[in-house]
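Two complexes, one shared chain (chain A), two partners (chain B, chain C).
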Partner chain A sequence: MLILKGIPCSAARQRGILRHSWLKNQILGIDAGFVVQMRGRPSLREARESFERKILPGGEFDLRLGEARQLARDMVDGFSPTQLANSGPLADLPAEVLAAVKSAVHREYLSETGIEQREGPLNAACDLLADALREFSDVWVGRTSGPNMLRKSFEQLQLRARALHEQLEQLPEGIVLP
Partner chain B sequence: MKIYGEIDRRLEAVVTFDQPADGENYLLVVHPNDVDEWVKEELPERLRDEHCRGVLLVKGVPAAGLSGEHIARLKTQYGARFHASACAVGTEHESTRLSGDSETRFRNFFEHARATDDLPDWSILDPRWPENLLAAYLLAKALASGAGEADVIEGRVDDWEPVWQRARREHTLLRRGDFPQVRLDRRTASEVVAQLGSHLLAVGANEG
Partner chain C sequence: MTLPRILIIDDQFANEADIRTARRVEYGLVEIDAGTSDEELKRRAQEAKDDTGEEPTAAAVFCSGQVRRGGTVENSVQEVLNAVRSGWPSPAGWSWALILLDVHFVSTPARDDDTRFGWRLLGELMRTWPDPDALPGNSELPIVMLTTLSRSAGELDASKRGARAYVEKNEEKGKEKDKLTRDRLRELLGEHGLIGDPSGKLVGGSRAMLKVLREARQVARMGAGNAMILGPQGAGKSALAEYIHRQSMQNGRGPAFVEYASSPAVKQLEYGHLFGYWFGAHDMAKESACGKAELAHKGTLFLDEVHYLASDTQQALLLFGRPDKETGTRWIRRLGNFPAAANVGQAYKSIRGGKIDSNTSLIPVDVLLLTASNQPIDDPEWRAEHGFDDSLYQRLATEYAGRPLRYPSLSRRKEDILLLFDDFLIKETRKIGGRLNEEGSKTLDAELVERLRDYSWPANVAQLQGVAAEVARNAKDFPDVFARHLPPLPHDPTRPAPPKPDPAPDVTPPPATTAHGLAEAERVLRSVQVPHSLDELRGQLPALEKAYSCLIKEVLEVTLKQMMSSHGPERFCLPAFKCLCGSEIKNTGQAYSKLLRLYKLFGKDYPPTPGSALAIALTKARENRTAGGGSDGDENDE
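Right after this comes the complex of A and B.
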């Protein structure tokens, strides 16, 4: 099995955005102590407002969760080598021959990658992260929650984000050639 | 950018080299007699010139005779400004003389280089993934699957034979010697998968 890095693959691109630009840079790479400071310090107003736009319901993190679920739905076809046959030298083959090539190659790809079995764990990780995000945003806006509760809630969010990060890590980095 | 050449006439059908001039950005095309010595002694010197946007090695053997590991090391050391042509280009009396696909690739690449002032896009010269080999690999994989689809594909050989022949030519272009299998059918499919798979793995290793 070979991963064709460098050939445009929207599923791989989405995987990279979610794993790196979102989970790593915006959740895992943030210190919980800084999150606590952000909420309390007037000098960090700009950072706080930007952070709130991400974590509150309907914010960027909710959108990213939607994208992660979409990736879980699309990934079987998204990493499939059948897309190589839709352009390039095979694209001009008669429909019956093209369909036969794609069908046989797709079956080999499914068998070698077991990618269909990854949809469930990926969705489960999204669900747990969504729960943690809801709890954290409630704590963030709740006036009665102290610094300790806020820190623990953010650390729980990071724990769930790490689990989703690991699920995404296991997906291919490009189209798979069985 | 300008294109400077330190090479014989093997590329004259696709490019006219410029006279070196101060202050102009340029691509340097080189045919060193001793490649190992040239990349060791001359390459760092040439790349020290900020106007040098790229150095392209062209020899009568694929990748100027450098191993994949050596090229990967040079790219790590000197960055993307260095490239060795994957296609062998020999002189006019040699079988590897510029013609067909290789001529088209070089022509397109030099036209691109003339029109840009940035780092050249080497993938125009050497596509990162050889599409004809990939297409043949998929055909062979489907034939080797032994399933009902293989019957359909084998029964329509006239439809895909041109794809297979283009793949064989591309293989010859990128490797020394002809492809070992002349025919692709159910009997040879597994061997073709192994042969092409091995070549594509090597390409993948260079992609990182």
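Right after this comes the complex of A and C.
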């Protein structure tokens, strides 16, 4: 099995953005202690506002969760080598021959990667992260929650983010050539 | 000492305040922009310290490397080049101490090459700012990759493309040491950064100086090896050796710093001075004594003026210069033989190194060996001519440190002249109980500053220090210092001989030397080859400078002459300069000032010919200045 990293692949690009820009940098790379400080310190107002634009309902993290679910839906085709057949020399083959080639290659790709089995765990990880995010944003806005509760809630969010990160990590980094 | 200024090129750090603030706190950074002054930076650093209870690590400017157009965000090489340029060097004189560069820049809409944009940037930066002192593929910018890309995925690219180091933003399991932290950032600044001497003992912020300090820190980390410092007399080589020693103490070496300056006058006693002697080794050896090398045990031995070393000392140093690879131990053989019974006790007491080998009487020591010379000892021909052992040079200068450290002359770090002068002046003024201003310094007049900057300081920092001491004495009772407080500076070898006194005005045409000068200038300009290296360019500069100065002079002469014939000798200067410079010249005073400035350009090798229009104009310029006039009213000035 060969991963074609150099060929444009929107699914791989989306996987990269979700792992790198979102989960790693925006959640896993933030210290829980800093999150507690951010809520309490007036001097961190700019950081707090930026953070709230991400975590509150309808914010950036909800959008990213939507993108992750979309990736779960699209990924079987997104990493499939059949898209290579739409251009280049294969595209000139007679339609029925091309369809047969695509079908055979796709079957092989499915069997080698087992990618269809990943959709469920990926969605489950999204659901768990969504729950943790909702819970965390409630704690964040709740005036009665103390620093400890806020810290624990963010650590829970990080735990779920790590789980989703691991799921994404198991996806290919480009189009798969069986 | 202000905090080192670093540039962080990272889309998310720059665009997202929460991430930026989190990292800022984590790395101990004070956020600034490129225009933040030193005073403002000091204030913010103090605030940060009060806020967190910890010394900040650096001051950071964040650059996204992107431009926003409507709803789209595009990665932009130009944006990054502009950001780097703003501090390389900045208008205030500082340069980036470190540049941290991300790899993945997410544009909107996302593009496939986003994941490699940082590598593209690295390539552009390497091309734009190559290191003239290193092989191709190196940049003088201190660039470190900072990315979420795992080390295994990115370090090959980073190394191949010219980055100095690679660190990860986030912690990977089991690889905590790779993660950027406050301490790791300090380490990176020490190893790769262009930072000054925080102790203030080595004053200077020029890049030439900061680069040699970086090399010095690298030498200090090598433990018990050898390094050689080359540089002109009075440049400050001893101070650099002390700096290396102080840095080596931070890396675990002992506090002993022992200096020995070789001299042709003491060649016979040199071996004993350096390596010690046993009782009876020579007429004056009434008891056993250790040498400088033993005194430096666990610390640093600094041999200055190493080119004077006698041949027997050179041979001994060749062996001494090769420490044991495992332990760093060097062995000393003292002069003479280990004494007999009656003097054994004193002999043992005189040992300052490690435990003596009872079979060989050799004494082990562990030293960092630094040497220095103001001679071209790196030149094989010079070594052959002056009897300096080739192998010894290699051992002392290159076997451990790779190459000698070259301390820049003051003329190569002109940016540091005022800093140094100010520092010396304040110290000297305090020493003699003189007056300082409210800020605790002296206020320097603009003309004095100009003269200090213009002079080439052939005897380097030592000369500047001497001049500062005299100025401190001359202006002891005043907080303000003027050019008149300077001592007469010796003739500047990079300048022409002082112009002869201008003759009385004479309107007779100049002699026919002009044609020769122009022909020579034309020959030089026609023979210019495209330089293949900086050295080659430097080699061509004097001839080019001379040729252009000749051309400037000729253009000036022709214009002055034309105007002299139409306006008369008393009134030609202003019209001539208006003709040359346009409306920016408003009055005769300005015209004369311009003339004086231009004179500095062509005055190097071409004093104006007596009687020429230029000589006449210059005389009038001088008269005008002496009379204290910037402008005068008798020329129908606007």
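Methods note: the second predicted complex is superposed on the first by the 178 of 178 C-alpha atoms of A that agree within 3 Å, B and C clash if a C-alpha of one lies under 4 Å from a C-alpha of the other, contacts with A are read in each partner's own complex, and residues count from 1 in each chain.
Here is the rule we go by: a residue touches a chain if its C-beta (ideal position, glycine included) is under 8 Å from a C-beta of that chain, and two chains touch if they have at least 3 such contacts.
Owing to the predicted nature of the structure, the values given are computational and were not obtained by experimental measurement.
*Asks:* Touch test for A:V105: chain B only (first), chain C only (second), both, or neither?
*Replies:* Touch status of A:V105: first partner only.
*Asks:* Tell me which partner A:R39 touches in the superposition: chain B (first), chain C (second), both or neither.
*Replies:* It touches nothing on chain B or chain C.
*Asks:* Please work out whether A:L28 is in contact with chain B alone, chain C alone, both, or neither, and reply first, second, both or neither.
*Replies:* second
*Asks:* Report for A:R162: first if it touches chain B alone, second if chain C alone, otherwise both or neither.
*Replies:* The answer is neither, since A:R162 touches no partner chain.
*Asks:* Which partner does A:R118 contact after superposing on A: first (chain B), second (chain C), both, neither?
*Replies:* A:R118: touches no partner chain.
*Asks:* Between chain B (first) and chain C (second), which, if any, makes contact with A:A85: first, second, both or neither?
*Replies:* Touch status of A:A85: first partner only.
*Asks:* List the residues of chain A that touch chain B in one complex and chain C in the other.
*Replies:* Correct list for chain A: none, the interfaces share no residue.
*Asks:* Per the contact definition, I'd like the list of chain A residues that touch chain C in the complex.
*Replies:* The contact residues of chain A facing chain C are 8-9, 13-14, 16-17, 20-21, 24-26, 28-31, 34, 37-38, 43-44, 46-51, 54.
*Asks:* Residues of chain C touching chain A in their complex?
*Replies:* 12, 16-23, 25-26, 51, 104, 106, 110, 112, 114-115, 148, 169-170
*Asks:* For chain A, which residues are in contact with chain B within the complex?
*Replies:* That would be residues 2-7, 81, 84-85, 88-90, 93-94, 96-97, 100-101, 103-105, 107-108, 177-178 of chain A.
*Asks:* Per the contact definition, I'd like the list of chain B residues that touch chain A in the complex.
*Replies:* So the residues of chain B in touch with chain A come to 128-129, 131-132, 134-135, 137-139, 141-142, 145, 147, 149-150, 152-153, 156, 159-160, 163, 166-167, 197, 200-201, 204, 207-208.
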